[in-house]
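The letters A, B and C name the chains in turn, as written, and every chain counts its residues from 1.
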């Protein structure tokens, strides 16, 4: 299982002494290795810096997210991968001290520009969280929540369709079809997480962001979710943050490796795991730290 | 010896035993006797032996003395006086006590009462003497026993700790004693009341006028005791109060918990707490002097007749008083809703208010309902505002512009001023007190249960 | 995936966007409205607070001032009915009022009718004679001499001087007549009327005359009552909290105690008054109206508050401290008394102060045990008849005289002052000793 390592990664790497500031270390990492851009991207991140009050958490990241593809973001804890993910649908707006500069585009429109509305953005870019967080409502109401908010259904039958379809797509319909009125919280952890995915799908998003979706789940539930992610790829652009390198290798087509808020290396998953170019990437995937 | 003098003596003896005990243990220790505990624990042990039994005896004696003196004094009175009702007998005994203590009494010349007073004085003096002797003997015996215990065989620290533990346990039982005391005191008097006025008449009667006799043949010939108008009045004022307190309190809590910046929060919360800390008598004064005339004038200007002590004024001010109560309880439960819930909703593209209305409030609902129930119980039991701003007239009405009366107002009115203790009028206050206690108890138990369940859900 | 399904998918996507866009305006309007309601609720609550405090301050401030009239009083033996050789009792009962009245008549020699005289006499408060009495009793040699004294003015005169009396009303409808106004104005132009700080308000007990009524009696009553409350409730509450938090086994009995305490915290205060009346006064025959009974009742009432906050304070001491001390061989009781309790003490004290503030402001239960009597003397022992500040406020609030409305508001200001002081101390303690583990 993934172990949280609280020691900063570079302390183990003895080449760099303790006294260096994060800025200096980041500068020493050099430019991003590999190709950050893809043809015809769904989302495109350019030169993004993120600050929590005075503290900088993300340093000049460039990255594209492509249609019908899963991109995984890996790296030691505190490397900024979750922070970047939360920027992609402006969830960071809820943290008052958080400040984002640079540009993030969705279909060529800047999501931090004045014209873009966070509500609409979040309907188009859905998010699945680390801990399953179903609302304290029935299973049906959980899934119907988004469509109702946004007025996506014309009538009750429409809504029923959306709910059933979303549950089907999330691969949980057969397990819950007879108890749609039960509380969402009555499900098991893995089922809850798939319910949350169904809830996200119900808003018909274009991109789905997943923040360590399996970290609170057992291996069997994890396997089901991974299978589901692979199916969802056909219809959505997916970005997933994970602690598990195996998971990244299993579900994603491209992988981005982050270190201390810097995108160190990005490329095809196969290449990253078999032939990493950057020294740190190699050390990380071979388990020298993490 | 007076009680305070006796307490002083016990205290001095206790301090003395502690010092002696400790030094004796210390010297034993120097003689290399192996002692179980540090010398001071032997001192503590001896001191406990000195003080505790004698203090218990003193307390029991002092508690029993007035009761025994009273019955023995009554015993000396002629049979026809003894045959008087309890209330009248109480008056006689009070009078005798007054004579004995040299106070003012109308019947000091009555030879029977003078003799009784003489008896009272004498038996009181002898009781005091015996008390002093008994307490001092017990005190000294305890001291000697405690000092004798100072040897290597005594595990002084263990004994002292056990004594302290017993003390802690007794203290924690005082809450139980208080509840039992409340139940007993209101229940017994209420039962006596229901002997005079049937329970059904009290609970379902529509006429409340304890002050004046309506029919001469009525029980106690002092009015009628149908409490429905009072219950209705209490309900009316509480409803008005909740109509003010719940929306304002809840919206304040939502704003503070979800919208306000930390600066606003750090100012607004303590200010709201000030509102909660203002004594109710101040609210009562404000209601009677400022709000009630304001409402009356406003009503008259649009042609409504408003009683000068309207239910509206009292309810409104009571509502203001309860706002901070509702707001701080709701604030607690709203902030207890996990951030993940909010994130889930916001992540689906809900606005903040949609998240609050559709996710946070439903999730916090049990806690909020519990808080509101506690607030209702508070409104029902609130006394000073209604005493000062609501009337005494037991009108059965739902018009908030009329004067109504409440349970608490009636309790205060019936019990303030000197009255014979067992007149139906006084006893009625205890019956009302019983109703009040039972109602608020039920509300509190339900509310606390709900809140507790809710807390457990998110812990 | 076939081309057709992909097409539908794309359509569905744009569908979402369109629909969300359509709803946005309405949703943001609702958002704004909701936020506004919240703001209104807060502002309204705080406005209530401001109105309450300002209205009471405006009414109460004049009570801290008192108007005096300057008179040359001739203390001739004939008027007083005593001479300097008289004993103390005779001196006490001498006719000082007569002397004051004579000096008033001297100022306005034209006054002759009884009605006019009575109007003139009302200039000096009935308390004036006590001031004079005190002077003479301190120095009997003053008899036969003329002394120049400042005496407090009567209620109506004081009302007129403060502008409370509407002089545009016809004379019959007001309590202060035209001739009185003329006299007062004459005195004022002669510099014989002066307004000073009202020390009477703090140095006297209750009185039926508003200009003589003070809060000293009720302040001392409050002090004695709180003393009893503190000495009883603090140790008992701390002991209970220690037992429940540190030693109590998890069983039914402990559960019952806990539920009990939580319920007691929500029992209406007047019920505690009934308990006090039935148990302490009727059963144990303790004296009515006495601070000792008030203190007993209030300590039962404040116990739950202090217990709950003391438990919270004990709970916030991290278990590692207990483990460390236990590991060094301390007994469980030693751990609590040497380590946990001192660390929790600031929190416990904060809770105690808040409980005491609650007790200081409490009125209803004290009405039940007879602390509502009219008491002039300042209480000095725990069994003296006494009243407390909030009850004094309640009593004064019922009186119709304008002077008492002022006194009531002033007494409220004093009470609120004490409460703010106590709460500020609590906040200070919490800030100063707050510890993050």
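Everything that follows uses one rule, which is that a contact is a pair of C-beta atoms (placed from the backbone, for glycine too) under 8 Å apart; a residue touches a chain by one contact, two chains touch by 3 or more.
Keep in mind that what you see is a predicted model, and the values were worked out from it rather than measured.
Engineer: Of the chain pairs B-C and A-B, which one is connected by the greater count of C-beta contacts?
Structural biologist: By number of C-beta pairs in contact, B-C is the larger.
Engineer: Work out the mean Cα position per chain and let me know which chain is farthest from chain B.
Structural biologist: Centre of mass proxy via C-alpha means gives A as farthest from chain B.
Engineer: Let me have the rounded angstrom distance from the C-alpha centre of chain A over to the C-alpha centre of chain C, please.
Structural biologist: Inter-chain centre distance comes to 60 Å.
Engineer: Once you find the CA centre of chain B and the CA centre of chain C, what distance in Å lies between them?
Structural biologist: One centre to the other, that is 20 Å.
Engineer: What's the distance between the Cα centroids of chain A and chain B, rounded to whole Å?
Structural biologist: 57
Engineer: Chain B: which residues touch two or more other chains?
Structural biologist: 349, 351, 354
Engineer: What are the residues of chain A that contact at least two other chains?
Structural biologist: Touching at least two other chains: 119-120, 123-124, 150, 203.
Engineer: What are the residue numbers in chain C that touch two or more other chains?
Structural biologist: Within chain C, residues 20, 27 contact more than one other chain.
Engineer: Which residues of chain A touch chain C in the complex?
Structural biologist: 117, 119-120, 123-124, 150-152, 203-206, 234-235
Engineer: Please give the residue numbers of chain B that touch chain A in the complex, ascending.
Structural biologist: 261, 338, 340-351, 354, 358-359, 362-363
Engineer: Please output the residues of chain B touching chain C within their complex, sorted ascending.
Structural biologist: These residues of chain B touch chain C: 63, 66-67, 70, 157, 161, 164-165, 167-169, 171-176, 178-179, 181-182, 184-186, 188-189, 247-252, 254-256, 258-260, 268, 270-275, 277-286, 288-290, 320, 323-324, 327, 349, 351-354, 356-357, 374, 377-378, 380-384, 387-388, 408, 411-412, 415-416, 421, 429-430, 433, 436-437, 440-441, 444-445, 447-448.
Engineer: Can you name the residues of chain C that touch chain A in the complex?
Structural biologist: 1, 9, 12-13, 15-17, 19-24, 27
Engineer: In the complex of these two chains, what residues of chain C are touching chain B?
Structural biologist: Residues 20, 27-28, 30-31, 34-35, 37-42, 44-46, 48-49, 51-52, 55-56, 59, 235-236, 239-240, 242-244, 247-248, 256-257, 259-264, 266-272, 274-275, 277-279, 282-285, 300, 303-304, 307, 331, 333, 357, 360-364, 367-368, 370, 372, 390-391, 393-394, 397, 405, 408-409, 412, 415-416, 419-420, 423, 427.
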